[in-house]
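A short write-up of the structure that comes next.
As written, the chain order gives the labels A, B, C and D, with residue 1 at the start of each chain.
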Amino acid sequence: MDDKDIFKRQNFGRKMGFGQSPGLLVIDFTVGFNDPDSFGGGNISAAVNRTVDLLTFARARGMPIAHTRIVYADDGSDAGIHCLKVPKLKGLTEASPLGQFVPEVAPRAGEIVVRKRLPSAFFETGLHGILHARGIDTLIIAGCTTSGCVRASTLDAMCHGFRPIVASDCVGDRAIGPHEASLFDLGQKYADVMPLDDIIATLGTDRAVA
Amino acid sequence: MDDKDIFKRQNFGRKMGFGQSPGLLVIDFTVGFNDPDSFGGGNISAAVNRTVDLLTFARARGMPIAHTRIVYADDGSDAGIHCLKVPKLKGLTEASPLGQFVPEVAPRAGEIVVRKRLPSAFFETGLHGILHARGIDTLIIAGCTTSGCVRASTLDAMCHGFRPIVASDCVGDRAIGPHEASLFDLGQKYADVMPLDDIIATLGTDRAVA
Amino acid sequence: MDDKDIFKRQNFGRKMGFGQSPGLLVIDFTVGFNDPDSFGGGNISAAVNRTVDLLTFARARGMPIAHTRIVYADDGSDAGIHCLKVPKLKGLTEASPLGQFVPEVAPRAGEIVVRKRLPSAFFETGLHGILHARGIDTLIIAGCTTSGCVRASTLDAMCHGFRPIVASDCVGDRAIGPHEASLFDLGQKYADVMPLDDIIATLGTDRAVA
Amino acid sequence: MDDKDIFKRQNFGRKMGFGQSPGLLVIDFTVGFNDPDSFGGGNISAAVNRTVDLLTFARARGMPIAHTRIVYADDGSDAGIHCLKVPKLKGLTEASPLGQFVPEVAPRAGEIVVRKRLPSAFFETGLHGILHARGIDTLIIAGCTTSGCVRASTLDAMCHGFRPIVASDCVGDRAIGPHEASLFDLGQKYADVMPLDDIIATLGTDRAVA
C-alpha cells in the first residue's frame, strides 16, 4: 500500500470545490526567488511564466489580486528566529534588487501588495482581513516556494476560512522533491490542487466575478 | 546535485541552537492518531513510545509541558474549511473515545492542555501567550503527524519567536514519505531536528531549568 | 468644544452601515457576569433581558449566532498575565456555576460556542475563521462588559474585516461611566452603535437571511 | 459608590509589577497625531514632550525600543473596514508628511519600526514575535491616542504574554474624557499605569538591562 492509498483509506483528500467569490494570491515571485544562484532554481521560473497566464485570466475577470514579497528592515532590527536558520533572508530589504517583483508578474495599480517577514502571507500581515472585507471566500494560489511560503500560506488561508485552490503549474520550488511532497500533502489535507487549465475551465471565462 | 545540496549551496539549514528556557510541546497523541484504522499508522505508535522517555526527562527537570488535542463541538457548529477536506475530523468531540489522550503520554495535573480545531497548536489557541508568560524561549516538539500538525506547529512556534527543536524519534506520521519529506523541510528552514538522545545530551541531566 | 465636537471636526464617527450577511455575537452573558456580587452589576442584567428579544429576532431570521464564555483550566495551567491583574478570573472553569450561560440567553443546538480566556472573542479563538467560512460580513454585538470584552471583541471584529454593529441596549457594564465612555469611543472609531429597535428596522423582518 | 469602588469591591485593579526584561513601545507619535488640525489635540503634544525623557532613559539602559506608525498603500488597496468609519486614515501613506515620525521622538538606527493599518501595534504586525525573540517580558507603553491605539496595543500586549506598563504622562488623546476613561479601564483590567518618574524609580538607573 503506497502513501496515497493510506490517505485514501482514511478518507483524506476530499474535493472542497470553489465558493462564490474567488481572489488570487501570488507569493514571493521576486528577483531573488527567480534566480538559481540566490533563492531560486528547480521549477520556479517555469511557474513564473505560467503565472503570467493566470494573471491575465484573473485581471480579465476583475478578480481581486494580492501579491507578497519578503521585506526586512534595512538595519535588521526586525529579524527573528527564522534568520537564525536562514540568515540571508535579512538581505531582502525594501530596496534590495533581489527583493523586487519579477517584472512579468509584478502588481498593477490597485492590486494588494503585502510585505512579510515570515513564510505565510497571512502570518501577522492583516491580509485575511483585507480579503474578507472584499467578500472573497476562495483563494487561488500561485508563487514560490511550494514547500515554503506557498504551503504555509495555503494552510493559513484554510485556517482563516478561505477555500484554497493551489494552481499546480503556477507554483514552484528550488528542488523537485520538496515541491512534489508538499503538493501531495496540500491536496490530501488543506486545498484543492489543480493545473491552471482546470481552474479556468471550472470558473468559465464568459462571466465576470461580482 | 541532490535536494540537500541545493539547500546547502543556498545556505539554508543553519543550526539555531537552544535558548535559555526550554518547554515541551506534545501534539495530538490521542487514541485516534495512535490507531492505524482511524487517523494513525506508520511510525506514530513508535513515536508515542519514545515520547514516554521524553516526558520522563522533561518532568524530572521541571520543564513546562503543553499537550494538544483536536476537539470539535458536539453539534459541528464550529466546523470550517478543513472539514470539507477531511470530514471525519468533526467526530473528534470533547468526549469521543478517539479524541482522548493515549494514557502513557497523557497530561498530568498542572500541565497545559490546548484544545484546537486546526493543524497548528498555535493557530488561534492563545498557546504562545501562555508559554511566553512563563518565560519559555525554546520549544521541544513531539507528536503527530509530522507532515500535518507537527509541521504546522513547528512553523508557527518559529513565527511566534520560539526556537523549535523537533525530536525526530518522537514525531510520527501515518505514511513514511510525508514524514521524511517534512523532517527535511523543517530542518532546512524552520527548526533544529535531532533525536531525543541528542536533546538530552545538549541540555544535560544534572541541573534543573529555572 | 466638547469631546464629540473634537471628533466630529476631525471627521470621525462616519456611519459604515450593514453588509449583506449579518451574524450575531453574544459575549459572556454568564451567571457570574449577571451577578452584582461576582463580576456583574450596573446595567448588565437589563442588557441580558433585552438580548432575549435580539435572540428571538436573530433566530427567526436564521441568522448565524455565536456565544462566548470565559473558561480557564481546572488547575490554572493556562492562566496568563490577565490573571495577575484580575486573579479571580481563574475561577471560571468549565464546570464552575459562575461560568455557565444565563439560561434565558443560553445557546441552542447548532449555535457556535466559543470558550475564551481573554477579553476579545476573536483573540486566539478561531472565531473569525468560523464566521468567514459561513460568509458573514456584518456582526451584531451584544453582551458584557461594554468596556471590557464587548469593546475588545468589537475592535477585533473590525480588524478581521467584519462590520460591527453594537446593539446599545443589549450591552452592559458593571459601572455606567466606563459603559458610556466605551460606547462613545466605539461609535466614533470602530462600529455603528444603535439600539435594537433600529437594528430590527434596518434589517426588516419580512425576509430570511440566506 | 463610585465606579472605582465597584471595581475595587470585585477585586479588579491588582498591581502586576515588572518582569525581568523590559522593552519600550512608542505608538503613533507622527506629525498628523501631533497636529490638532489633523488627528491630534488634547494632551498629545505634552505626551510627546515627556516621551523625549522616556526615550533618553530607555536608550541609556540599552532597552529594546519599538515605534509604530500607520501606513496605508498609496493606492488604498489595503483599506478595510476601519476606513469606512474614519476615511482619512487612508491618507497616511508611506511618504505622506502627516505619517512621518515627530523628529524629537523619531526612531534611531537599530530600533524596531512597525508599520500598521489598525489600532493595535500587535494586530497582524508580527511585533510580538520580534519582542519575544529578544526575551522581552515587560512592555513600557507611550504614544497616542490613549483611547485608540494605545489602549488596543496595551490590551494585546497583555494577551500576547507581556506585562504592560502604561506611562501615564507619556500617552495622550485628542480629548481628555476618553483619555481618562481609558487610563481608568487599563489600570483596572489590563496594565499597571504610572507616571514616568515612578517607572524610572522602579527600574533604577544604575544598572543596564541584560
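The working rule: contacts are C-beta pairs under 8 Å (C-beta built on N, C-alpha and C of every residue); 3 or more make two chains touch, one makes a residue touch a chain.
Small disclaimer: the values here were computed from a predicted structure and weren't measured.
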* To do: Show which chains lie in contact with chain B and also with chain D.
  => A, C
* Structure fact -> Between B-C and A-B, more C-beta pairs in contact link A-B
* To do: Report the inter-chain centroid distance for chain A and chain C in whole angstrom, where each centroid is the mean of the CA atoms.
  => 35
* Rounded Å distance, chain B centre to chain C centre (Cα mean) -> 34
* To do: Please report how many Å separate the Cα centroid of chain A from that of chain B, as a whole number.
  => 25
* **chain D, residues touching no fewer than two other chains** => 80-81, 118, 123-124, 126, 129-130, 133, 159, 161-162
* Flag every residue of chain B that touches chain D in the complex, lowest number first. => 20, 126, 128-133, 135, 137, 159-162
* In their complex, what parts of chain A are in touch with chain D? -> 73, 75, 77-78, 80-81, 109-115, 117-118, 123-127, 129-130, 133
* Structure fact -> Given the complex, residues on chain C that touch chain D span 3, 6-7, 10-14, 16-17, 38-39, 41-42, 80-82, 84-88, 118-120, 123-124, 147-148, 152, 155-156, 158-159, 161-164, 174-178, 181-182, 184-185, 189-191
